[in-house]
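First the structure, then my questions, so here it is.
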Amino acid sequence: MSPRILLESRDLVKRFGGITATDHVTFSLPEGARHALIGPNGAGKTTFINLLSGVLTPTSGEIFLDGANVTHWSARKRAHAGLARTFQINQLFADLTPIETLMLTIAEREGEGSSWWRPVGARTDFVDEAVALLAQLGISDIAHARVGQLAYGKQRLLEIAVALAQKPKVLLLDEPAAGVPEHEREQILDVVAALPKDVALILIEHDMHLVFRFAKSISVLVNGGLFVEGTPDEIANDPRVRQVYLGEEEVHV
Amino acid sequence: MLTILLDGIAYGMLLFILAVGLCVTLGLMNFINLAHGTFAMAGGYLTITLMQKAGVPFLLCLPAAFIFAAALGLVLERTLYRHLYDKTHLDQVLFSIGLVFISIAMVDYAYGANQQIVNLPDYLTGRFSFLGASIGVYRVFVIAICGLLVVSLQLALTMTRFGSRLRAAVDDGRVARGMGIDVTRIFAVTFAVGSGLAGLGGALGTGIISFDPTFPLKYMIYFLIVISVGGTTTITGPFLAAILLGVADVAGKYYVPAVGGFIIYTIMVVVLIVRPQGLFARAAAK
Amino acid sequence: MSNITSPSPEAMRARAVLLGRSRWGVAEIIFWILAVACYWLFPTKLSLLSEIAILGLVALSVDLVLGYAGIVTLGQGAFFGIGAYAAGLAAKFGMGTSLWSDPVIGLFIGGGVAAVIGFATSFLVLRGSDMTRLMVTLGVALIVDEVVNQMKWLTGGSDGLQGVLPSAVLGIWEFDLFGRVAFVYSLVVLFVLFVIARALVKSPFGLSLQAIKGNMLRTRAIGMPVNARLVAVYTVAAFYAGVAGALAAQTTQFASPDYVAFHRSADAMLMLVFGGAGHLYGGLLGSIIFRTMQDVLGNITPQYWQFWLGVTLVALVLFVRGGILGLLDNMLAAWRRKGGAS
Amino acid sequence: MFRRQILKSIGVAGLALATGVSAACAQEVVKVGLILPMTGPSASTGRQIEAGARLWMAQNGSTVAGKKIELIIKDDTGAADQSKRLATELVVNDKVAFLGGFGLTPLALSVGPVATQAKVPAVIMAAGTSTIVASSPYFVRTSFTLPQNTAPMAQWSAANGIKTVVTLVSDYGPGLDSEKAFKAEFEAKGGKVLESLRAPLMNPEFAAFLQKAKDLKPDALFLFVPSGQGASLMKQVGERELAKSGIKIIGTGDVTDDDQLNGMGDALIGMITSHNYSAAHDSPENKAYVAAFLKANNNMRPNFMSVGGFDGMAAIYKALEKTKGDTDGTKLVEAMKGLAWVSPRGPMSIDPATRDVTQNVYVREVKKVDGQLYNVEFATIANVKGSN
């Protein structure tokens, strides 16, 4: 039977005054998907992610998460329903430490966020899970440093760790490797590749090398509209995509 | 009834002149200067001193108060305020409360704690009846002067180059800087002019309101109400808000004295919740 | 997530570090021993010390809201005043005999009424920027001030509340003239509420407040009910300020409009920032220094103590980042970096 | 050995400091603690009372019945919780035998419980609400009460063709006291109070209230505001031209306070007030008092608050003489009851039943006397009781 659709948008529109940032996008993300979302700058990729994650409310159209109509759910409710995301610009807690950030996220996930009597760390199972996540992301060495003083690359990894700590069904990665120096990009690639199979992934990325290595399916967004969708091979050889976006550069698949 | 309305308008106009400087500086640099009242007090006490000690005619005191308060504003801005633009709102609030405490103590030391009064020149006192209601000459004088100031302010903003650059900087500081407008210099000038206007308002106020060392604290609340209701993106917003506040305050004290102060504070809180950017201002896109 | 049977060294170290956050440090214990020792060290200054303990409690309530949750408020003085009047009225109608005027009951009445009003007004503080929150809290405080002045039949208006007769604390210790009972009573109440606040701040709830202050966007993305947390902390802070007001009314057997005046909120915020917001002890340290300075300077130049208060405030904002405790933190961090310790 | 060591280091040191040492020197020196608003809105009251008290000591020496009198002045900035704390410290730390001062009613009321608990006589030298003295058996008053000063004004108004009156008072204890007293006395004499207006005590703006009074067109407008606010009130009365529209301006002497009267301008001439003291009071004691006061306070004119301080010290000295220096609080209060002497204001006495002041109250008119404005007394109502 066909894999379960975890995330779906129907005829999604978002207008800012006169500008149509998202133009009737219908899109579905099956379980275990490794989907890339590409398109020239200003194509509306981040707006689309913000609509899916509830940071923005759509002008019209609907969004479904694991079958439930979440169009009017707040970002908070969607997070609890299993939708997590990273941000293009790091959105972390500067005064906390990575271990504290993960402990907080896990506590919120388990409904322990408002327990006010027992100290942070009383739940040793949370601590172990947080430590394991840091290890998985290879940032155990900075577990107790102030997030505000971490290197940019480490912060990008922490963004992914926080998203994972939410045990999401769907994970939206907004340019995870953006601004990361060359030698550290490999580390992020490995981490993204090693993400658990049952999580459906959408990756927004400009680095074609990473997109074609990672994605099993690709959508191309142009001027807010869904231009074309298909496997990496189809997209790489599609003349229209080449003309609109890839330019003349030769692509080795 | 007409008397109360006119008293309210005069009071409202006075509040506008006192508060306009603060509206623009808040809109321009997003700087919360709770100490704006000290410049008004400076103008007021200067007038009191000149008239009581030096016998300077009242009309001469007005420009003197403007210049003195503007100079004070310029000096303070260049020395102290400059370091606070990038600080948090909390720091700005604490800094300005500090200034208020300093000014209260200094005036208390120099002039003593009780209310100062000024004996206005004869041609400005007395009342005349108009449409059956008795109108204070001084009230009309205040309305005239403030009306003149409002018109000239509006013209300065819309017609002059400085005005257009100021409005651009208020709308979006970053873009304005991008276009080469020296926003900090504009701010320094606006801050000085705003303080000067407050000083002038203080001088005019000696005829209507009472001056004592706690003036900046007492009137800070009125300024905040004018800003919250009027918004900071236009001049007409605070003007209408000041008039509304002036009339509501005077009428409130006349008709429902028990509830008087209650009305204006409730208006402030309600407007802040319903339209945080102000009753009259368009939704600020900042 | 594979279930790790025996915890890895990193996990053990992480548990140690996290639990270390809430262990009572040596400095903390010394602080409280000194506080208790004041009873013998300054027998003639006990009423001043009670006032310091009460001001410390108000500063602590501002710290919960401002230091941890990042809400700028100029209205905590209103809850202090509400608590004072509620407890004062309870003591007055209890006529020093019935249950109502028992001080400990009075604390809960004062704190409770303040918490109810805090809860009701907390929704006003959820939206808006620092500026709107500042003005909304100030507006609420002014309305409370106006109500206290107008309801003369209940609050005694500008003359203040007469006939506040709290009975003996727990029926045992009568408020004596020397202020001994008042001091011990205030200090015990401060300590109990401090311990609760300390647990609250070190708990996941406290961590979520710091997260809200840090980055609102991310807190929503990880599914945190931000508004519920802000309402909760604002109500708890109102309770704390209300209890402080009740203490003030009981120890001075009086309540006047001056208890709801603007300077109460301004002083509380000043003490907190002076000591260092977000350090829990900032408020206590700030109130000790602030009130002692006021007392010392006040005797020298009664009128102009406000001048020196203003100067300290301006200097504080220009030169000192994060108050005294902030300064100590930076020095400690610098020393640790230089010393290459951990 | 070890146990004694602990006792010595902790317990004894504290106790000795608190009680033992200072008790010994109480015999020779009798301390009088005055709690006055030296700063804040009623700073002028504090300044006047201090000057009056110091003048009495300068004229009568600083020893009474073999005891040296030491005056301690504390500033409560007009805040009631400060007055209470200072009173407690004066009683506990300084071991004062007398408390005194209290610039406003709330300040006096907050000190009541301390005086009662510590059994220390508290001499009220300013606060005027009638109910204060009853609130503590240790209160004695040498200033005045509002009903005492207001009733004669009502009697004079009724007797001089004033039929309808609007009252405007400050919205606090003394204000409401005088409003009630005026209304009772005036309506008893057949007059009619059209409306009782109240202006807020702190930061008052009188314009709206005066306009309302003017619109009601009464025969007279009765005014009461605390000492220090008279000047700005009368300026706005002049500005509103109430007198010109046929309304007679009357009030208690607090409005035409000698401390500010001269600066209020000639618009005041002709205003009728009633009060217990005027600097222009025609008596040899007052002439000497005013001359000495002007000299001692670089031409600051004494007002009714200063005589409150002056006579307060008089009561303290006379009480000590009666008890031959015994500083037992209850005996001192008993000694004060029934005291009578001639003060610069005129004959006065302490009513044995109520411990309140009984004194003459005068009706006066503002006149220009050799270049200065004075309240010239023209009618006397003798021995008006403070409170009944």
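Observations
Think of it as A, B, C and D in the order they're written, each chain with its own count starting at 1.
Keep this in mind: a contact is a pair of C-beta atoms (placed from the backbone, for glycine too) under 8 Å apart; a residue touches a chain by one contact, two chains touch by 3 or more.
Bear in mind that the values here come from a model prediction, so they are computed numbers and not experimental data.
Among the remaining chains, those touching subunit B as well as subunit C are D. Number of steps on the shortest path from subunit C to subunit D, with steps defined by chain touch: 1. When every chain is reduced to the mean of its CA atoms, the largest separation from subunit A belongs to D. Of all chains shown, the one whose average CA position lies nearest the global CA mean is C. No other two chains have as many C-beta pairs in contact as A-C.
If you average the CA atoms of subunit A and of subunit D, the two centres end up 77 Å from each other. Between the CA-based centres of subunit A and subunit B the separation comes to 50 Å, rounded to the whole angstrom. Between subunit A and subunit C the centroid-to-centroid distance comes to 41 Å (mean Cα coordinates, whole Å). Shown for subunit C are the residues in touch with two or more other chains, namely 303. Residue numbers of subunit B whose C-beta contacts span two or more other chains: 108, 113, 261. In subunit A, no residue touches at least two other chains.
Contact between chains, per the stated criterion, is found for A-C, B-C, B-D, C-D. Across the complex, subunit C meets subunit B through its residues 66, 72, 74, 124, 127-132, 134-136, 138-140, 142-143, 146-147, 150, 262, 266, 269-270, 273, 303-307, 309-314, 316-318.
Residues of subunit B that touch subunit C in their complex: 26, 32, 80, 83-84, 87-91, 93-95, 97-106, 108-109, 113, 217, 221, 224, 227-228, 258-259, 261-262, 265-266, 268-269, 272-273, 276. Those residues of subunit D that touch subunit C in the shared complex are 10, 13-14, 17-18, 38-39, 75, 77, 79-81, 84-85, 88-89, 91-93, 105-106, 109-110, 113-114, 117-118, 129, 135, 171-173, 200-202. Within the complex formed with subunit D, the subunit B residues making contact are 3-4, 7, 108, 112-115, 117, 119, 125-127, 134, 136, 138, 208-210, 212, 214, 218, 250-251, 253-254, 257, 261. If you check the complex, the residues on subunit A that touch subunit C are 53, 55, 74-77, 79-80, 84-85, 87, 91-96, 99-101, 103-105, 107-109, 112-122, 124, 127-132, 134-135, 140, 143-144, 162, 165-166.
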